[in-house]
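Take a look at the structures listed below.
Shared between the two complexes below is chain A, which pairs with chain B and chain C, respectively.
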Partner chain A sequence: MNFHLLLRSALDDTLGPTLAAFRPELALCATIVALLVVRMFLPRWRLGPPCVAAVGVIVALVLAAPWHYLSSVGMDRAVPIFTGMLTFDTFSVFLRSLLLLFVLLFVMFTQCSGVPREESATEFYVLVLGATVGMCLMVSANHMLVVFLGMEMASLPSYVLAGMMRHERRASEAALKYAVYGAGTAGVMLYGISLLVGALGSAHLPTMAGALADALAAGPLGDRAVVLMLGSLMIAVGLAFKLSAVPFHFWAPDVFEGATAEVAAFLSVASKAAALGLLVRLVVGLGGVADPAGLEALAPVRHYLGILIASLAAVTCTFGNLAAYGQTNLKRLLAYSTIAHAGYMMMPVAAMAFLMGRDPAGARAAAAAVVFYVSIYLFMNLGAFAVVAFVRNATGSEQIDHLAGLIRRSTGLAVCFAVMLFSLVGLPPLAGFAGKFAAFAAVYDAGLISLLVIGLVNTVLSLFYYLRVVKVMALAPESEEHPAAEIPLGSTPGVFCLALTVPLVVWGIWWNGLFTWAQAAAALLVP
Partner chain B sequence: MPDLNSPIVFLSLIVFLPAAAALALGFVPGGWGDRIKGFAFATTVAVFLLTVWLALPGGGADSMRFALGDGQMQKTVSVDWIPSFNVYYFLGIDGISLPLVVLTSFLSMLAMAASFTIQRHVKAYCILFLLLETGMLGVFMALDFFLFYVLWEVMLLPMYFLIGVWGGPRREYAAIKFFLFTLAGSVLMLIAILMLYFASDVRKLPQARWDACHLSSDVTARARIDATGEPVHTFNLLALAEMGRLENSPFDKELLWGKSIQWWAFLLLLVGFLVKVPAVPIHTWLPDAHVEAPTPISMILAGVLLKMGGYGIIRICYPICPDAAYELAWLVCGIGAVSMVYGALAAMAQKDFKRLVAYSSVSHMGYVVLGLGVWSITPGNLLATDYWKLGMNGAMFQMIAHGISSAGMFFLVGVIYDRVHHRDLDRFGGLFAKMPVYSGISMVIFFAALGLPGLCGFIGEVFVVLSVWKYSTALAVVAASVVILTAGYILWTIQRVYLGPEYKGPHGEAITRMTRREIAIAAPLVALAIVLGVYPRALLDYTKPSVAQTVDNLAGWMERVKLPELRDRAAMEERARP
Partner chain C sequence: MSLFTQPIGLTHYLVVGAILFAAGVVCMVTKRNAIGVLMGIELVLNGANLNFVAFANPALRADPGRAVAWMDGHMIALFVIVLAAAEAAVALAIVLSFYHNHASVDVDEADELKG
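What follows is the complex of A and B.
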């Protein structure tokens, strides 16, 4: 193949399927540029940055067109784009749309709560959108290079976002902690990638899986097995950091407490969703190939990955829930709740790894459960952080005890908050239950009974601390020094919280539609 | 105008009318105290009238009245709900659920009437109360396991707040204890649900039975096409029961430690339901919850919520897992007997009036568990289904009777507590002179709980004791002797509270006669206690056909599947002997 032909085919690929599939990310990039330009030419336009950001995200969402791809017409096969660096399939459509929806809600949220301040608004939204582009890459990654690039693109702006409140000492501390920790784990992960790539001779996930299958079919791996296991463990370190999975969760409570509630919401939802998407991609990418013989040969890999993820999930979930008990600060409590939820959400991924070769339909249901849970989690957690932010704006406090009397001063908001918290527990008929049910069903289907029991015991454990917040809100007498916040449901923050609560109730009862979309998202994923 | 004569409209109306009223109350200003209570009361009355209409005998297939003598599910509704998980909105009633539905709506009405004394946060109280009623009614009608579970859990939150906000001094502790116990129980249930769901396979059922299970055409179509491929799972309780009775039941597969799926499922479900019953040793939430809960909520708790455990055992545990039920019959009966004795002894030791009534509930619900657990097979491999039916009918009767007497007792304790603000049994006495009507009503209700012939408590106890005789003489003796213990603590209570020369406790000046409202609440309970005691057929005519159906199904399975298996085993042991 001569150079001209190579160029020609690359051009065809880029102009053909690639650009069409990559339009949402391009729209985000264009929005970033537009934000900077608007700042330059219209520095006094107060509503400029959020408006431009919101419009850009809406355009990206329209271009992502989940209603088209996830409906019954949909698409029939995954398309490799950028010559196989990324995969474009329903899974990436779903998660990308979810991320964009989240960013849209997030922009509204920041407008309701008044953070960022005017002078730093442009930077804030540029960083958020930049991180979002990185997350979009993560969920469609098909190549180790993109895995690392996407992770870093998502992480770097997050470090800055965590330290956005420059005058707060805690924020600076949080940002530094986050950055140092992130840099460390990123280094470990990169080393792991280099080991895997070196051992398998490619960085392209399907090629790697193929090489692995061939090697496994040829006989025992011998010394190479150690390298491969070490490499994958190191990659797991990087992912565990992003997921805030135990034992790489230390940053989460400190960062969540130091950063503003808005940034904490972004980190706990968007970054987690993207990391889970990437985890699913890696498990599917390394544990599955299209041809049945290869799939059979990869069984030990899937077993290994499944056990690894299942044990991480079990430990993360239990630790998060137990550590949440002692918390007095709402954001720290939610940080541990986030950690626990990362555990719950990893459970169906483990189930998927076990089910993949054995029962493709079950594996697809497990993958669907992951994205289904993530979509519901988006609303619950964003809502919870939104309430924290609004209460902070009204009273200046983020202590749980200072919520006392909220039910009397702002009844509607307190009820919304209670619904969100009970949804986080997973009580029917709220959406959190639907998510947990789908996840636990997948776990049982994969035969992981001990993991199921751990998950359910954790559900009971988690009731205590979520209920404590509700108890303070609803039952405790209001203190004299710290009157509860007064936020009527008719005000903008109130309406925003209500808008996040309604889906939790509606999806709790009619979750078939959303789950059908999740199934569509998983349909092309598992071979 | 939707057709009231179609089951989907009628049953859904019964279940969701309270929820709709609760939603409507959400938009009403909180200051309208009495009007809100009136509206909530009107709603409960309307629901009660609907259920009474449902219970009127003489209906056919096209009317919404109950067809007496038919043991099958009636007035079924099955609509797609979550097709991705084969979940259907599947409701129906039969002779087992109908009495409980009527009891629920009846007690909800009375409890709402008793709630007029509530003064704090009236709006929130009424909303939560109505949501609770929706959950309770739904549980008794749901025939889809998933739907059942969701409605079961729907009751948790309202109950938590009703105890936690409007309760007594230690309300927060009691509320969270109630919440945790019940949630732990329902989590166990969830495991069992997943086990049964993933083990179930509609294709294994003979096609002739599909219609009887009211499987939707969508599911059956898939089961027909997909004869070789993926299994078709279901949450349909009737279909699950049919599968449990198959010769090669899909639930017989081994799951863990040599025990089958149905053994584990039975155990998990049993524990989940026994928490609600509540049976010793998982009953400890009950005395706390009862003592702290406000009077109307105690009435609901004792009158309706406890019945859900018994209902779950009779509707779900036994039909779906007969093999495990047979193996674990000793466990069920043993727990029942222990609860009876322990509850009675504990009741005798109480100083607090409400705690005494609470422990009497533990004891009385023990009869229910024992009656359900009676397994009519004797060592000689003889099937005596009559005793079995007797036991189940007794358990059903006992549930309704206890619903009436315990709700009445809690209400009566509330009446005196409202006046003297204490419940210390040692500081009562002499009430007969000051409150003759109240004391008369109390006598009837307490004697009904005691099991005096001619009142409702008698029938259930006698049925259960008689049926147990065949299963185990020792247990029957224990069960019969509990009647003496019960008489002991109830007579002693009457003596300490109502008899004696004069009242010496605090707030003696506040003791006034029962108000008209209080009499109006207590009178229906007294009337029912007498009617059911004198004319038990009023209830048994409803329960008998469905209980017979349930037992005959189990007996059929016994004859077809279990007895040959037992004979084979016996023969093998015979041969193994030298």
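What follows is the complex of A and C.
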């Protein structure tokens, strides 16, 4: 192939399907530039940064067009874009739109709560949008380079966001811990990728799966199996860090406590959703190929990945719930709850790995359960962190004990918070129940009964520490020196919390619409 | 068959990469100075980079036919170099902010958040 032909084919690929599919990310990049330009020319426009960010995200959301792609006429096959670096399918459309929706809600949230301060607003939104671009790459990764680059693009701005309050001792400590652990695990992951890429002779996920299937079909792997296992374990280190899965969870409580509640919400929802999307991509990418003989040959790979993810999920879930008991700080409690939820959300991924070869429909249902749970988790966790931020603004405290009397002073907000917490437990008739039900149903379908039992026991365990918060809010006597926050439901923060609570109640009863979209998101994923 | 008597091949590069990786991990774990930890991270990244470039060299491979593979390796190495620079910039800025608040770059000083 000569240079001219190479250039022509690259140009055709870029101008054809690629640019059309990549428009949301391009819109985000344009918004970042616009934010910086606005700061340069209109430095005194107070509402400038949030307005520009919100408009940019809305444009990106319109360009992502989930209502078109996820409808029955939307898409019939996955399209590889950028010569196979990314894959554009309903799964990436769904998760991308979810991330963009989250960022839109997040911009509103930061405007309600008044963090970031005016002078650092531009930097704050630039970092948030930059991280979002990285996350969008993560959920559509089809190549090991994009896997690594996407993760780093999402991580680097997050390190800075954690230390945004740079005059606070605890914020700089949180940022240091996050950056050091994050960069270290990313380095280990890169080394793992180099082993895997070297052993399989390619960094393109489908090509890697093909090479793996050929090697497995030809006979036992011998020494290569050790290299492959080592490489995949090292990649698991990096992913476990992003997912805050045990034993790489220790940064989460510290960072959440040291950073502002707003940043903690961003890390706990967006970063988790993207990491989960990437995990699904890697499992599907390495564990599945299109032709049936190869799919059969890859069974040991799927088994290995399934066992690895299932054991990580079980340990993460149990540890998160047990460690949440002794907490007195609300953000720390929510951090451990985030860890536990990462465990719950990894369970259907493990189920998908086990189901992929033998029951494609079941595997699709498991993938649908993952994205369904993530979309519900977005609302309940963002809501919980929003309440923490608003209470902090009113009283200056993030202690659980200082919530005492909230039910009397701001009844509506306390009820909203209780609904969010009950939804996090997974009590019917709230949306959290629907999410957990779908996830556990997938685990049951895969025949992972012990994992199912661990999940159910954990759900019961988690009830108590969430209930403790509700109990303090509703029953504990209000102390003299720490009066509860007074936030009427009619104020802007109150309306924001209510807007996040309503979907939880509505989806708890009518979850068919959302679940249909989740099924559409998973439809093209599993071969 | 000792590595020292063979002509230079893929294995030699991988051994150097593994030594860099191990040195980096030891450095990350044992250094108490934040700058030292960051240097360990750089070593790990460069160990991985050496692997990529070695795997990508067609002269070192048993099956030089996979043209796609060696493009991948060089490309990843280039991106990782850029990324390591960005990461060092961000991490050093954070270390500086930590120094302003704690008057120290000792990672053991970061002990206020726990539980």
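Odds and ends about this structure:
Going forward, the second predicted complex is superposed on the first by the 527 of 527 C-alpha atoms of A that agree within 3 Å, B and C clash if a C-alpha of one lies under 4 Å from a C-alpha of the other, contacts with A are read in each partner's own complex, and residues count from 1 in each chain.
Heads up, the rule we're going with is that a contact is a pair of C-beta atoms (placed from the backbone, for glycine too) under 8 Å apart; a residue touches a chain by one contact, two chains touch by 3 or more.
Just so it is clear, the structure is predicted and the values come from calculations on it, not from any experiment.
Residue contacts after overlaying the shared chain place A:Arg332 against chain C, while chain B stays out of touching range. When the two complexes are overlaid on their common chain A, residue A:Leu463 makes contact with chain B while staying clear of chain C. Contacts of A:Asp254 after superposition: chain C is touched, whereas chain B is not reached. In the superposition on chain A, the chain among chain B and chain C reaching more residues of chain A is C. In the superposition on chain A, no contact is made by A:Pro483 with either chain B or chain C.
In the superposed model, A:Pro360 lies in contact with neither chain B nor chain C.
In the superposed pair of complexes, A:Gln519 makes contact with chain B only, with no contact to chain C.
According to the touch criterion, chain A has no shared surface contacted by chain B in one complex and chain C in the other.
Only residues 143-145, 148-149, 152, 156, 159-160, 163, 166-170, 172-177, 179-180, 183-184, 186-188, 190-191, 193-195, 197-198, 201-204, 207, 253-254, 257-258, 326-327, 329, 332 of chain A touch chain C when the two sit together in their complex. Against chain A, the residues of chain B that register as touching in their complex are 80-85, 149-150, 153-154, 156-157, 160-161, 164-165, 171-172, 176, 179-180, 183-184, 187, 190-191, 194-195, 197-198, 230, 255-256.
Residues 361, 422, 427-429, 433, 437-438, 440-441, 444-445, 449, 452-453, 456-457, 459-460, 463-464, 467, 471, 474-475, 511-512, 515-516, 519 of chain A are the ones touching chain B in the complex. Listed in rising order, the residues of chain C touching chain A in the complex are 14, 17, 21, 24-25, 28, 34, 37-38, 40-41, 44-45, 47-49, 51-52, 54-55, 63, 66, 68-69, 72-73, 75-76, 79-80, 83, 86-87, 90-91, 93-95, 97-98, 100-102, 107, 110, 112-115.
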